[in-house]
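First, the structure itself, so that you have it in front of you.
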Amino acid sequence: MIWLLASALLFSLGAYGVLTRRTAILVFLSIELMLNAAALALVSLARLTGSLDAQVVVLFIIAMAAAEVAVGLGLIVAIFRRRETTNIDELRQLRW
Amino acid sequence: MIHLGLWWPLLAGLLLLLWPSLGRAFALVAAGLSLLVSLFLFAGYGGQGLAYTSQTPFLPEVGVYYALGLDGAGLLLWLAVNLVVLLGVWVAEVPVRFLALAFLMQTGLLGIFAAQDLLLFYAFFEATLIPALLMLWFYGGPERLRAIYIFALFTLVGSLPMLAAIFAVRYLGGAPSFLYADLAAHPLGGSAAALAFLGFLIAFAVKTPLFPLHAWLPSFHQQNHPSGLADAMGTLYKVGIFAFFKWALPLVPEGFREFQGLLLFLAAFGALYAAWLAFSAPDWKTLLAYAGVSHMGVGALGLFSGTAEGTVGALYLLGASMVYGSAMFLLVGRVYQRTSSLEVAPVRGLARHAPALYVLGMFILMAMIGLPGLSGFPGELLVLLGAYQVAPWLTFLAFLSVIAAAAYALSAFQKLFQEKPQAQVVPDLAGREWGFAVLTVGVLLLMGLYPKLFTTYLEPLGRALAALVGGAS
Amino acid sequence: MSLLTLYTLAGLATLLSLLAFVIPRETNRWLSALGLGLAGLFCVVGWGETYEAFGGLYRFDTLARGLSLVAILGGLWALLLGPAKKFEFPLLVLYAVTGMHLMASSPNLVVLLIALEVFSLPLYVMAAWQRDEKGFEAGLKYFLLGALGAATFLYGIALYFGATGSFNAGAVGSGPLYILALLLILVAFAFKTAMVPFQWWSPDVYQGSPTVVTLFMATAVKAAAFAAMLRIFTPEGLEAWGVALAMLVALTTVFGNLGALAQTEAKRLFAYSSIANAGYIGLGLLGPTGQATIPFYLLTYALATGLIFAVLSMLSNQEVPLERLRGLWYRKPLLGGAMGLGILSVLGLPPLAGFWAKYLVFQEAARGGFYGLVVLALVTSAIGAYYYLKTFFLVFSQPTPQQEAEDREAEAAVARFGASEAPGVPLASAPLGLTQALMAPASRTAAPAQALLWGAMLLLALLSFWPGLGLRAFSTGLTPLASLTIRAPADGATVEIGRYTLEGTGRPGEILELLDNDTPLGVVTVGPEGTWRFDPAASKLETALQAGPHTYQVRRAGQATGASIRISLVWPTEPVFVGLPEGSTVAASGFALAGVAQPNQVLEVLEDGASLGRVVADANGRWSLNVPPPEAGTRVYEVRAEGALAGARLSLVVPQPEAAGACTQAFTLTNLQDGGTVSRPFRFGGLGSAPSYTVLVKRGEGVVGRKEVALNPACGWSYLSDPGPGEITYEVRETGRPEAEPPLVVITLQVR
Amino acid sequence: MQETVLLPLIVALPLLGFVLLGLWGRRIGEPAAGWLASFLVLGSFLLGFWLLLQGGAKWTLAEWLPGIPFSLRLDNLSGVMLMVVSGVGFLIHLWAIGYMHGDAGYSRFFSYFNLFIAAMLVLVLGDSLPVVFIGWEGVGLASYLLIGFWYTERVNADSARKAFIVNRIGDLGFLLAMGLLWSMFGTLSISELVEKVEAGGYSFTTLSLAGFFLLIGAIGKSAQVPLMVWLPDAMAGPTPVSALIHAATMVTAGVYLLVRHAFILHGDAFLAGSIVALGLLTAFYGALCSLGQWDIKRIVAYTTLSQLGFMFVAVGVGAYWVAIFHIVTHAFFKALMFMTSGSVIHALGGEQDVRQMGGMRKHLPITHRHGLVAALASGGLPPLAGFWSKDAILAYTFEYGPWLWALMLLASALAALYSIRWYVLVFLGEYRGKAHPHESPPVMLWPNHILMGGALGVGFIGLPYVIDYKNFLEPFLSKAIGEFPHEKLPVWTEWTLIIVSALVAIGVLLWGFRFFQQPLPQWYARFQQAALNGFYVDMLYNTLLVNPLKALAELLFSADRGLLGGFAGLGSLMGGLGGLLARLEAGALRLYLLGFLLALVLLLLWGVLR
């Protein structure tokens, strides 16, 4: 049960990270953190209910996270090559 | 038979759109045919309840039926619409595509009067807007864009509360389908009734047009094609009174009773306000627009009084005002064609050169101000008799517009026809216009001298509504 | 068989990604277009059946077929209008469509998550396709927020698993954990469908990414997301997430319509319009039969918005300021017309399909009881009418000469330099003087794109005049679960009282209320196979069996409306039994037989051929007769109108009367009345406490016969006699009492 | 009183004339149109007379409107009016043939003339109030057409419009009366109303309100004080129009309406009082204005106004049959007066200013004789018709109150004064004009002869009871109007009244005869200036009513455009709101993330705490 609280804490930590960090990579990193928090929650619930499905799902999550990283970082690198900065505050052309 | 009457104008319109080379002759024949059909329907009407009904499911899961049927009021208004379209097609100097749009609108209007399913009615009610917009759009005056915005927004924004009211009537009332019989069998009660009626009120007030929501009318008429055909169709599109009579009052009588006081006041005030305004209208089209608002105000007063005479008077006045309102617009179109100006102010003294036009103008104007013996009077008299029982002071207020009507009509008439004739020679009525004149004068006299022909069919409807709404003020 | 859609999509995607380096770009594009077409075909084949695979992870039912079709339509459009220069674009589209197909057809949450990722990742890349400032910004924003959404979704799934113990959508759960899980999932989908307050990304991303991708996003993504929502948020759990969704929808419709009023750029304007439409579709979720109406709405919405964005993409891939649309009708009639039709349909002008869609969705919310929300939605769509009309009239206004000059310039530039996207021509060589917006790629106005425009317009027109077609298509294969109907007797029929029972369908195990002319008639529970039966005669309501029109209505508990039929009841021509179903067991000590006949009609009740006496039906046609204690076994009772040879039969089972101890009831004669007329043979009897009774048969004054009748264990006595015609009197006394003593009962009968 | 289709035929004849002359007027040509119109009117006169001899007639078309039959009814009262309308009407038609000789719109004139007669007949014969109303407004329309006959001059068209609008104000009163009676009794046919009123069972005040509305209608049509402004301007029409419509028939319609509804007015002190007051005021106003006029037709118009005042007083005091008697006598001598003025104008080639006339005695001997009889009859010289009817009114006013009798005596003195002034200025002294007058053709003279005979003899049908010569009119009329108790004055007071009014009349006529021949004193010139433009009543109405209304109309027109602005304002408000919301999308990714997470947290909190 304690682990559920831990995952919730991890999730909110990730959220805090998303809000405060300025560079895209660190924001993405904190999102990955939230993903892992969800994985942790799943593992703890699997332990509680004893069902195997949850553990299989955790494996899926890891694979999915990897795919996301691949595409995400590709995008961030492309932006860096063009704008020499990954500070998300400078990307403000699209508004109103 | 009813389907032929309803969809034939649409077919004719589409044919004309695709092959304009068919020309005006075809249009004339088409309009004549639809008038014949409605005459045939009128003759065959047994006088009681709904005739020519037909009902096929369109969206059964939702309870929407393609249901048609004509009662006394529907038949009278069918006759009026078809007659006006015939007159318009007969005399308006307009390109053939314009006539096609008029036919499209005619089907929409006939649908409004024949629909027995609320949602079908709503579909026709909205669909008629498109040809009207296109007419204003393709053949309008310089600032037609602004007029279109106002007209489209008033109608659209007006009719969406109606959709909410339709839901309330159907789902709170508990009726199994949208058919008129089912809805009328489950009138809506309680607090929802007031809200539902408000929804109907807004939509139909725009179309009556009732006082505050009439603002779209003057700009609509000013910017329309000077031939007057578009304005005539616009006059036919003032279906508010019929809609109140057919859908709003029977379905939500309790809601109506709560708004009755306000409605009576708006109708009476609108009648006088518009008649007064017409006095200072700069051009003929604005004058006729406000005159229309004034007459509809008087009609609305009759209907909202909830008495049998008032309802019969309102419906009769609606039919009559459709005929003489449109005829007057078409006449103004003919005057424009002769003198290429619509202003009221400059004196033109046409009577000297065009006496027949002078007499025709006199007839229609006298009918408009409700001279007994012509079509305006029976309706106004019945409205007076009905409304007086419920709200004597408001009736007095509304019927002051009778004096204002005489004022604005005759002063404008004098400047146009009488006084010093101008040098420029104006041709009198030509071949086609004689047909228009004879037909119009004939109908005005028939409706004025022998209203029994129509009122016998309207009478039971009026009494039924009075029983339902109770006529209490 | 119907796994083929999945196989074609996934298989083709992988195959092409391998072959892409070798085969020329054009064939790559045509192959993927062909693949999409094939997948669409497989969706349509076998419409209506549901096909389960992978142990319940993949359910290919009508909902999946419909929405996969919408996704494939979006994909085809993006493909045909998309840039042809690079081979990656068709592949990305294929992967995205596969992801959407998966999402539309699986009830398992984890598979949904994976499907979400499968179609989101290609979209992030496609958003950044333009490789310019705005493109990257759009891509990054979409990516980061998308990742955040996925994380929320995953966390929601974890909690969902915690609350319900299963990953399948329809699982039943309760308590705060369950609500938290559902809300998290709701947030994830709210983000995907751009509902306020999670819609931040969509205006910017719609504006930044190429118009073709925006088209794909606006139509296909919403279809897939709502398909999943339909599976997860089923009407049963309405209390848990209903109000939350209602709040989201309210905010969305207001924000979407109001925000659009102040827009000057076309793509951003229609981004707000698609936010508003997401709100309207959300309305559909709140009603009981959302499964049929939402796909219909999505189809019409996809067609209309697809038309709009297709025309925008034909104008330019970058931004399309509204002024650019001025006079489009006069410059390019086909584009102008398509745009006009699209706008009017999205606006919801009556004869067009958009109106029927909007109406159905509003009706769902009304049925769900969210009246306030419906009114708000109506008001906001009235506000929306303004900017739709503004654009509509812009398209149809006279083009300014300066615009026409711009057009001619663009045509010349395209002719000379070919499309900025045309294969082989580097962008740089085009003179920089032309604004980017001008570079309308030549390949876009080719035949297939125009064919698609015409096809979409025709389909939209078809749906405008026969909405029933679309609605019925989407609600065929619908599990009886949702539909609540009364099947028998037929609506509008005239039926004889007592000769019919009400039957209909509903959700198994559900409790339904029945009303007769708006007064409660009774309650019935739906059987396991989803059907229910109810005999109005059995109800306590006394008006249930009156002649005249009856409106029977069946409703779910707590809902205002349900299915209803109107029938008119007439008196049965010949009498009939009511109240006792065939073959039910009755009390051995005597019971009451009741039924319906013509008012004050004279009837005769017989038991196995023996008359039990005449009875007269009362004013409203009801009659009843107390049957004297019958012998054990199955007895056949018959009721005949006077003079009729036969009548309705009813067989009842009389149990063996077990010894009921000392009989203390007073002596009674239940069925015959003094002075009645009877036909031969006849039986009479009643209750009593003496061990046995003697029946004295007299004709006039002379005693004709004497018979002793024993009391049966159920304290009932009965006497069967078959005398000659004429008048006969019976005197019943306890056995052993002297003749002279006044009898317990004296009856004289006329025997026919 | 049998049901016969001949009754609507009476109306149909002049209507036929209207239609025939209207459509084929040019083809029928100059004199034929006149004769056709005249004979049609004669036809309806004879038909009416024949039906009247048979004791009246009835004709109804049931359910013309729901609950309202289209019914005509000829009883004694409408019989008398019919005789006046069609009789005098026929004579004026004959006279107009001569007068309108050479006018371009000759047949158009006679078609309008016949329309007027038809409308007047409908008014008189109508049994149910809406039918009377058809005649009522039909007559208004005909007067509009005829006053504005020469519509090319702006002044004629303006006065026609003015007449129609003022009449319409009266008609509104009539409409409201119909509305009230319908809501009270549920029927509008006069015969049923009579029974219902007798039956009672209604609140008395509402009945008097209905009476008041009828009074407003009558005032509008008979040009009584508040609504009398249109009659003098109505002289813009041709003289036969003034003679027929504004002397003999239309203006008396108001009196006829009140007499027809005597059962409502009777016994209501307030109503009677107000009618008397109005009548008196109009009588004095008409007399004084007439004395100051220079245009010959305006002089006669104001005299009509004054005489109408007399009739209203008669109705007020309850002498209903006397009012009708005065209508009959007035019709003869006023028509004669107008026709003589017409002949003079015709003779002088259209000259209407009295100052250019004079000395007609020598030039037009026959017309002079007509003028003399007309002036004396209008002045109330004893043996002539004017005296008997005026004297009967005076007798009844004496009963009502001696103070009223004195005032009425003064008014009749003024009447004698303006009549003799008219005679003197036109016929005596030297001819001041330039044209050379010639006698009118016989077709104009013969109608005048008949009217002169009438003016002389018609008085004898209603002699006061003291003279043993039997009174024909009172029993004849009271059968239709209804018996109203009226105790007779003692014989000697009746005789003294007769002698006093005779002496006053003769005295004033002689005094006036001499007074108007010498140069007029200074005070009279000043009075004349004020009287010339009707004591500035017109100017008063314009400043008080007409101009403010026009200004208000302009104001309302701009207000209406403002209303449209209001709706546009609402639209832009929505646009502004939208702009605000769009501002939220500020483009910063961190803002979006913050928005996303904040919403997430709020939603979860709300979900759990609910």
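A few remarks follow.
By written order: A, B, C and D. Residues from 1 in each chain.
Just so it is clear, contacts are C-beta pairs under 8 Å (C-beta built on N, C-alpha and C of every residue); 3 or more make two chains touch, one makes a residue touch a chain.
Computed from a predicted structure; not experimentally measured.
Common neighbours of chain B and chain D, by the contact definition above: C. With centres computed from Cα atoms alone, the innermost chain of the structure is B. Chain pairs A-C and C-D differ in how many C-beta pairs are in contact, and the one with more is A-C. Chain C has its Cα centroid 41 Å from the Cα centroid of chain B. Distance from the chain C centre to the chain D centre is 75 Å, each centre being the mean of its Cα atoms.
Distance from the chain A centre to the chain D centre is 97 Å, each centre being the mean of its Cα atoms.
Residue positions of chain D touching 2 or more other chains, listed in rising order: 571, 582, 585, 587, 589, 593, 597.
Each of the following residues of chain B touches two or more other chains: 153. For chain A, residues touching at least two other chains, in rising order: 18, 27, 88, 91-95. Checking each pair of chains for touch leaves A-C, A-D, B-C, B-D, C-D. Residues 289, 292, 349-351, 355-356, 359-360, 362-363, 366-367, 371, 374-375, 378-379, 381-382, 385-386, 389-390, 393, 396-397, 467-468, 471-472, 475, 518, 551, 553, 560-561, 564-566 of chain C touch chain B in their complex. By the touch criterion given at the top, residues 15, 18-19, 22, 27, 88-89, 91-96 of chain A touch chain D in their complex. Considering their complex, residues 582-583, 585-590, 593-594, 597 of chain D touch chain A. For chain A in complex with chain C, the touching residues are 4, 7, 11, 14, 18, 24, 27-28, 31, 34-35, 37-39, 41-42, 45, 48-49, 51, 53-54, 57, 60-61, 64, 67-68, 71-72, 74-76, 78-79, 82-83, 88, 91-95.
In the complex of the two chains, the chain C residues touching chain D come out as 140-141, 144-145, 148, 152, 176, 179-180, 182-184, 186-187, 191, 197-198, 200-201, 203-204, 243-244, 255, 257-263, 272, 383, 386.
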